[in-house]
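One structure, as structure tokens, below. Some questions next.
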């Protein structure tokens, strides 16, 4: 299905080379002032052609809001939106009509549906994430009223891993370099590596780290709607994502309970606990505990190489593929705003879900008025 | 919410020390012969007290089917089931009524709901997974008719990592040792490590690998219902899970496209492609490609230690906690059947979803008769 | 699917002659004191054998709560429950194994699933409504904190129609007669008619009216989740229901706008409007307006007659059916608590949904603290 | 929520005087040829300004398909679409900004959301049904491959009731008169009545009958997803709908089982039963039995009168309202294609759901190849 969320629900549509990409946000809270410039800024962060590190494809990507916002304020009705596709070099893809590109979705779409839009990957193109960034920006506007801040950054490109704790970095550095890494020196090394990989007609993978600060205590459902399970599904739905972890993640699997338990310290305010450590990554038993939520998402190297590759056509015969078109050698920099968007969408949905778990009274833990 | 799936939907209920654990399976296909002995066998694999490596808590765990099966065959109506709780040493938990155990869900439940069943972790207990194993066994019975086989095993305990490719191992070894590792020597080392950790009153984490063979081509939805995103959500919903990856996962993030692309080779049968490699882990663009699906799930060390820990009580005051009760020093061996169950539930759901994407004709790719 | 609701979600299971009928309530608000005697009283109102007007089948129908209630209070986790089937004269149904009863679900189940539990109608039996009455009683316990009261009554049996406005009747009369009609004289006439029909081996239909008082303004979604559409789906899901209307309903279709518009009168309290009339039946544009919600539900005569009927068997051959077993000549009296239950379930669900449509502030219209 | 359906899911957006009305269809089957002229024809049937009986508002209402159709065939990916709003006389509505029109949704929207788009009723305008007609037309294109035909017609306007059985009428008459009534004489009488009502500045209600022919046996879920319950929810979600019935409906509530039971007659083809009557209206136990599905939907008189009405403004003060703008004196004629659209959407959804209830084999009842 093409819908994400339970209360705040995003449904997206659109193919890379169709008339438009867009979606419908349902369940967005009423009465939120909508800053369309902020929405457009988020889209611009995702846009290709921002630097020499990304694809030269130019997408003006102007979002048009079709409903649900009246005189600058959300009305509670569904918010339809679209971004027209343009600068489409569809002819670049004519040679792909009957060819299955390696490690792309061409083959699986053809087998699943018996028909596909081959141009630019059709629905499987990362261009679909335009809709997520729009919805994520709206979610961020709502979450401002809750006090949640979300920041993602590139923490690994190929073998270059940004070490140390996230708390040592100045997040305002992230947008100052094209890699979106909070350490300027590492950002330079990563940029050089990406340029080198691009020059070789190759591509490279990496990891994005995402931090959610100010998350209220109590978001997440105990069993199947665990907050980290929904965040995981959100992140794994991003093109090229191959792994998700939170807290100590895979590294923590090697350790012992005596090292990784987070001990509570005496505290005066129950709604914000005092913890001696945050190995849990802000989520315990699937429910946010008020500490920073810490996630890492692995992205594979882009499958489209600017060098010949062997493959088959739709008759099962061997052929050689020479990609044309314009492609990113590394998705990480442009995936940063997408990760933030999916985090915002998920957190807002869970915040709204949490509001419905109590008949509100003056002592309701979460649904208490904040203004 | 406590429901998983879209067509085959499992809703679970139950607390560790309440009267029973159980659930309802909706959308299970009609006409499937139900082998209740097989279901019970799967439950027995999950049961505590199987070896010295696991908790001594004895749960007879007999499943009772309440509906949806008539004269040995599924009827298409919802299948209600329950497993009575027994051998409950509830008094073991009296000291936890007003204490928040470190890295457990006590604090987050209390903050979220304002009330909780403190006995044995209540709803947050891994005992909830009983329901998943029952539903997973039913899903496996249905998937037999599709040709899908699912196998999971312990591939890491603490720093002990089972190297090499899964294809080199004899899966029939898995059930021959209490760790559920397909390599007997590594299994011995893992068992020794778990015993040592237990003797120290400590706990240890690890990784489970899961392989799905025979998955039809075309399962998974393009965007938010990607097969790996739903598998990820399924696995991350298991207690103590901290990470999920498929294919090359986090390791692959360090690599290049030229190394990781899976090239198609000429093939005669379109429904089973011929691929030179399987770096993608059986899923491309979120849709199964007919190759083995390969997943890895990270589990943190169990939070309950058999040694004193500092924490706070519900008044925010410091206290020292001395766990009683019976606890696993390592969840991995017992989590193996749970991982398999969640994989089966997810694959069956996606198989049934795939049936509805075409008006069936003789050339319908997936919904073709198999008998 | 066997699930009803979006936030407060009831999933039911069970066949008439299987081991048990039951369900899972998910999303029930935490912290609600649970009066199990009240729940049992509601079940007793639905129970057969209450008077000579209903089937002699005796069902003790004791509900067992399996989870989600701890020390007398709801915990926010799913509430599993069951009612054991007993006093089953399954042998009464042996003659139905291969026969399709007229106007029953035997034929459609057989065609849909290829297999069915023929005993007592299996899943299609009205015994399934036991689960709804349990869930409805829980919903009523929650709605007490919102100020909602729900009352249903028999307003028509065959050609006997209770005339006049509902406001002229004393609702406390309803439970004083076996027909559940608020007018004692009409109740007598209805009871006589039912006895006469029964004596003839025949059955008879009727109408139930349901009034919801104290519903907060603002429940219901604008388009597909209109409050009356969800109430309609709820009522039409009850066995033997053939029609649903609210406000002026079908009669109003004959009238003019100038007669049926409800004019607003000056009012001091916006949350309770002052309306000159209530032709709309408490719902405008799909959203509750604070006036009494007025609904009517039509029920067909019971299909099981205690006289011979012609039909076919599963080989398509003609046969004559002589019903045995114990059956109601008229479902209306026992359907009254079921209608109330479905109203309560729907209203609670919409109340909880409404809580999530605003980031709560002091001026939030609905989510404001009520204690 | 603004989504309808489980497998074939329509999500709509748009306000009467916003930039556009539109939606997303998800789960539409792949490989269906899309006849856009047919889609436009359906829209034209709904369009205002078709005759003197309907509003003079002119809406060119050209649908633009944004995704999901490639080279004239559905691809299985979501189908985004929109219809631009035009010919908006928004100034006509300036006087309504702070006024609550009687029996409209102005008051309930304002109370629910705290904000509303007052122009033309905003989201509560019947203009929203544009999206349903588009989706319904797509559903009809898919249902052609299943053999389903759907026809609706005006069967009552005010006190003028079309008597007799639907089978006596020639459905090809329906589109030959502006009332959409299959009896030409009654159509004339109805047209005259509507003209008279309009001349008086008043409005009038009525009933639409809808017949579904060729519905496969086995659509509908046993309990909450009963086919008639979902059809009821579909119809009750249409603006101004006040009641729904199927089969004998409310009239049948007055009758006896011995008169209304449908007796099976010997038959050679199990998939199409031979029934002596169709009092059940094509649905038994919530599941289609292969007979014609017969439904009736009651519509109230339009609330907007072209004469002065008393009401209040948003300060609670009395005021007099003089409607301007262009309005229908009777919604029935234009509601006919909307009823057909909602029937098609519901039937297609249930057809696709039915495909997933069996692991397909050669003897699978429903999912068998039809070509």
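Chains: A, B, C and D, in written order; residue numbering restarts at 1 for each.
In this section, contacts are C-beta pairs under 8 Å (C-beta built on N, C-alpha and C of every residue); 3 or more make two chains touch, one makes a residue touch a chain.
Fair warning: this is a prediction, and the values are worked out from it, not measured in the lab.
The pair with more inter-chain C-beta contacts, choosing from B-D and A-D, is A-D. The greatest centre-to-centre gap from chain C, using C-alpha centroids, is found for A. Taking each chain's centre as the mean of its C-alpha atoms, chain A lies 38 Å from chain D. Taking each chain's centre as the average of its CA atoms, chain C and chain D sit 26 Å apart.
One finds 44 Å separating the Cα centroids of chain B and chain D.
Each of residues 1-3, 12, 27, 30-31, 76-77, 112-114, 123, 222, 357-358, 363-364 in chain D touches at least two other chains. Taken as a graph of touching chains, this assembly is complete, with every chain in contact with every other.
Residues 7, 27, 29-32, 76-77, 142, 145-146, 222, 352-353, 355-364, 367-371 of chain B are the ones that touch chain D when the two sit in their complex.
The residues of chain D lying in touch with chain C in their complex are 1-4, 6, 12, 100, 102-105, 107-109, 111-114, 123-124, 128, 156, 158-159, 197, 202-207, 217-218, 220-226, 228-230, 232-234, 236-237, 242-250, 252-268, 270-271, 273, 279-281, 284-289, 296, 298-305, 307, 309-312, 316-318, 354, 357-358, 363-366. Those residues of chain D that touch chain A in the shared complex are 1-3, 9, 11-15, 18-24, 26-27, 30-31, 64-68, 70, 73-80, 82, 112-117, 122-123.
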